[in-house]
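Paired with chain B in one complex and with chain C in the other, chain A is shared by the two complexes that follow.
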Partner chain A sequence: MTRNFALFPLMVVITLISLPLMVMYGFLILDTVTDAPPGALWPDEFTLRHWRFLWDMSAAGNVWKATLNTAVLALSMVAVVVPVSSLAGYAIARLNLPYRRFFLGGILVMHAFPAVTLLIGVFFVLKFAGLYNTMIGVILVKGALMLPFGIWIMKGFYDAVPWEIEMAGVQDGASRLTVFRRLILPQVKPGLVALSVFAFLDGWGEYLLPRVLAPGSDMTVMSVLLNGLIAGDDIGYDFNLFKAVGVFYTLPVIALFAIFQNRLMTIFGGGTKG
Partner chain B sequence: MSSFADPIVDGARRARPVRPRRAPVSRLGLILMAPALLLLTLFFFLPVALTGVFAFTDLSTSTGIGRGDYVVTPTLLRQLGDKGLSDTDAEAVARSSVTVDAAGLARARAAGVDDRFLDEIERRFMGRDYEAPAGFVRDLRGLRTAPRRPRDLKSAAALFETSVLNQRFATSQALAAQLEAMAPEIAPAVRARIVEASFTGARFTTENFRTLATQKETARLVGNTFLYVGATLSLFNVGLGLFLAVVLFYMPKGASSLFSTLWLLPRITPVVLYAVMWKWFTWEGGFLPILADQVGLPSFNYMKGSVVTAWATMITLNGFIGASFGLILFSGALRAIPLQQLWASEVDGASRWQQVRRIILPQMRWPILFVTAYQTLSLLSSYEQIWLTTNGGPGRTTSVWALEAFKTALSNYTGNLEYGMGAAMALVLVVVGLALSLIYLRLFKFSELVGRPKIEI
Partner chain C sequence: MRLNLENFTKCFDGTPVIEGLNLTVEDGEMLALLGPSGCGKSTTLLSVCGIYRADGGRILFGGRDVSALPSQRRNVGVVFQNYALYPHLTVEENIAFPLTVQKPRPSAAEIARQVREIAELIHIDALLGRRPAQLSGGQQQRVALARALVRKPDVLLLDEPLANLDAKLRLEMRSEIRRIQLETGITAILVTHDQVEAMSMCDRVAIMDKGEILQIDSPTQMYRSPANRFVAGFLGNPPITFLEGRTGPEGRFSMEAGLTLPLPSHLRGMPSGRPIALGLRPEHFGHGGQGQATGRVTFVEPQGREMLFDVQAAPGVTLRSIQPTRDDVSIGDEVTWKVDADRMLAFDAEGRRL
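Then we have the complex of A and B:
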């Protein structure tokens, strides 16, 4: 690395720019275990009462049930997105599909296309299919909207597998399906793991679809619960409570990121996005 | 090139004469694609098609989704009166008459009117018609079994009344026939107009687009959208992203990874919690207003209190999420620059600014183009963060096109969701989105990505 430049001014500049984020995330953690007098910036007492929502269901509603629902939504996302994308990604990467160019182009366009603009159309589809106000509808929609991304990621991973493996399998008399299952899938395991984590995180953080497509469902997810706390009519906003619930809600996300950081970054960076 | 220079290719060409061969289509491929195609058809193509169709209707909560009926209501008559329906015709339509028939008796029986009373009505008045309800009530009063209380008598009599008003007809013919029977003096042309106006279902119309093209609100929404996308993109997604990437590039590894993790946080934080943090940061009683109060600056709810601060909040909070995308992408591109170029420039005495300006930035052209293209689309259509924070406020000063389309169709507090209008607004976004993503594919060399498979089994 280039060394003969002064480091100090850079440190100052970047710290200043990052200050809002540092404050927000610093106080996010700090405020969950402290109390501050009104009108003061710094807390003056340590308390655990903001975490009472974990056992006192009157504080923020039934967070455990909401957490379970969120986990169901997130895991269902994995169950829909990963198998469907890995099959379609293989077909697109390696098999001689009719209209292959068209499919690829379509997937790419859909990948770039902002799916959220389709929400109104999706609403009608669910209404007509009788899936409006059900979690199944939300899962299917959310999964389908993530497919272009998933297929594209998986295609990238299949593309990186050497053709020789496949050719050797076919030479030895295995069918393409067997080759795919026994030889290729183990090669793209990192892709499957990364896509699973992505699908899980996407489902875990989702707010818009459950809120809009299943407002009357009794499967309240954490995002809807948390936002409901703030949108409630209470005059006194207990931000420390909101933050404690929020931190509780975000812990799995942070944990997953800490574990899979390197694998996720390559995908985030568009490395396999083309 | 001569055959001498490339004997292998030449030899191969001679051994295998050019034989156009259609590759066998992989059925396995289609089977593997099937689940994806099904889901994408249901939740991508179908919504696009439905958006396109409903954009040309006046579908809303009041028309309902599904088949409409034909209903003449007093309100409708008043509206038609404003448009030139004569008072005599309106009265004729509103006229009610009394017929004692089996249907009326059944209605009365279902409503719980005394059976002996009904039997007497059936014996004495069956098949009679009355021009006005008053005459019927008078006749009923003469009956031995009639209820004592005038109110009960009236409500029982009302059950025999028939009127076109407030009745639901499944077809236009049914309503027209009923109208003709009840008010034969109305001219057929007028009757047709009433029937047409009485349809409660959705109609095909280009009214949505005409409204969008003419109303003043549209210009402001478009202006807001441009300002929002332009400012967020240039200041944060590209500007701050590039700045952070370059600064972190020059920093030691530990500090660099610390800051890039910090800047990644807004992207991975669930959007609802991110909104909570910003509310805490900008609302009165929150961090910034308290800080401003302590140093003597104006202290109020910066997120919603004034137009300027609302805009600043909205752009910053979206920009902080966007900056990480640029940061990651630009950092990757920076690492691809050969370090020798930088060392050489240092030996030649280049300042850091010269290094950035002359060596780094020129090599960032493609990544910048990529980020711009990609993020323009996502900013153009994103509204979740805005919805959760400023929600277009104060008033509608920070509302953007996508948010307004969403609110028009799916989430407003007046209760009448205008699906048709929302679909029209969404259709504009869909068309712009499709056009931009096609351009973007062109730009980033689609054909290179589409290599043919090497095994054709």
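Then we have the complex of A and C:
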């Protein structure tokens, strides 16, 4: 009994702290489907006109094209980061590869390195390679910047798999590759799932790299499109339209969190040990 | 299949931990590698199965040199201390795994038949559908054994297989492993630091220390007639008591602390003044013999069927005696008990048996 009630004050504090946030989220959703008189807090009429951007391309630009671009970027992140991380993490964790310590240190440094400082250098490299203003360029840069995180996370998961399992597999007559594929990979599945979701979300939310490295209108992603809605000089921002596009942009993120929330916690729980 | 290690050498970071080791395990024999931690027994085992590469010498399976072969091509079954079962596979899939990676891969029906056959031998046929996490320690042990045996290996290696089991299960698995080894007739090596396991399960015991095999013998023979002081001290529970002293006149042995005992009869002719050590096992004190020792009982340890007594026979000299439980002796009593001098083990200053 005392245990349950001991948590009660904590819950009150957490609720109070997050209350402003909840209120703002509430109004964010509410404002997308209503209109309020100027200066008033509570709306007085229901309307779907803020969602007209879904079919009216003049309202907020080509939202569907931007959604597709964002999805391509996000899925490419999964396709690049997860396979490379799962292989590199295994090599770092288990194989006796030359310069292992150097790689480990390098990954840690890269992980902590602020990517923004590289932007100008990356710009010149892409320009030179002819990948400036292409989606491929953005994917390569974004993927490279995310790899240290992915490799480090996967290394943590591999470290948690006992050595003996690998030795037993080899002893049972399987090649190292078979052991990796059939015995080790299934055991780091939670890590793969979590990393996939993280890579997707990271790509989905990316703003800076596509903005700077692929400014062409063909390559507009949702974050850039959203920014464009309020970045103009005109006075008459349509805040409710902005909020509606924002909610539309957030929906996949919420859905992913709702589905995978338990899996995502494994990254912060057992996964990063060692 | 007969197993030979010839001049086997293993180094770590350039430092040899095992140098020029020779060992033969006969076909169908179960041999224990027994020794304290760090004596090289696990290193030897991992080299036999191919996880470590030998740095010198040869490893022969039935006369065939396998030193250069990787683990996968050695056909060795290994049971690891923590069993190393594959947690995401069922018991059946665990046991079948070694068969499914064989080339050419046997048919599904053939795999199922072999798995069932081995599961029946090891008494786990009722558990095939479960996952390792749903098994008790003893059952996991059995599964690990089944997986090691299913592809009919040339040699079975057991690395401290009973260390993770509780006392009762350990007793049960001890005889189970031996039964299975005898029924399959497989050549087996057991690595352990537990002398009871080694002596009760194996045909022969090899005692190792500091990378060397000190003695290989049948358990009884080794207990009765250890080659040196280390072996004598390692075997026996409660352990042997060593008495340091010198030979005296008329075939007697005397210690500086004042205790004198007759020498074992084959040493009576030794010149006096030689430094020697006598080893007295607890079962040879208080059970008759030509010598005797008087002292005060300082400790009594009842063990149910037997009792262990510590007797201080001279300042700083404690003799241990194990006897059937008796109520007439308690702490502080003065006792005079017989010492079976002929069965004492004598060692010279270098620890060699005399």
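Throughout what follows, the second predicted complex is superposed on the first by the 242 of 274 C-alpha atoms of A that agree within 3 Å, B and C clash if a C-alpha of one lies under 4 Å from a C-alpha of the other, contacts with A are read in each partner's own complex, and residues count from 1 in each chain.
Assume a contact is a pair of C-beta atoms (placed from the backbone, for glycine too) under 8 Å apart; a residue touches a chain by one contact, two chains touch by 3 or more.
Being a predicted model, the structure only gives us computed values, none of them experimental.
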item	value
Superposed model, chain A: greater residue contact from chain B or chain C	B
Chain B versus chain C as contact partner of A:F102, first or second or both or neither	neither
Partner chain in contact with A:I120 - chain B first, chain C second, else both or neither	first
First, second, both or neither for A:L28, with chain B first and chain C second	first
Contacts of A:L10 with chain B and chain C, given as first, second, both or neither	first
Chain B versus chain C as contact partner of A:W64, first or second or both or neither	neither
Touched partner set for A:T178, first chain B, second chain C, both or neither	second
Touching partner for A:E164 - first (chain B), second (chain C), both, neither	second
Set intersection of chain A contacts, chain C complex versus chain B complex	167, 170
Chain C-touching residues of chain A, taken from the complex the two chains share	162, 164-165, 167-175, 178, 182-183, 186-187
Complex interface listing, chain C residues touching chain A	49-51, 70-73, 75-78, 80-84, 86-88, 97-98, 101-102, 147-148, 151
Touching residues (chain side chain A, partner chain B) in the complex	1-2, 4-5, 7, 10-11, 13-14, 17-18, 20-25, 27-28, 31, 38-41, 80, 83-85, 87-88, 90-98, 100-101, 103-105, 108-110, 112-125, 127, 129, 140-141, 143-145, 147-148, 151, 163, 166-167, 170, 176-177, 201, 204-205, 207-208, 212, 222-223, 226-227, 230, 237, 239, 242-243, 246-247, 249-250, 253-254, 257, 265, 268-271, 274
For the chain B and chain A complex, residues of the former touching the latter	23-26, 28-30, 32-33, 35-37, 39-40, 42-44, 46-51, 54, 65, 240, 243-244, 247-248, 250-252, 255, 259, 262-273, 275-281, 283, 285-287, 290-291, 293-294, 316, 320, 325, 328-329, 331-332, 339, 342-343, 346, 352, 355, 370, 374, 377-378, 380-384, 388, 402, 405-406, 409-411, 419, 422-423, 426, 429-430, 433-434, 436-438, 440-441, 444, 446, 449-450, 452-457
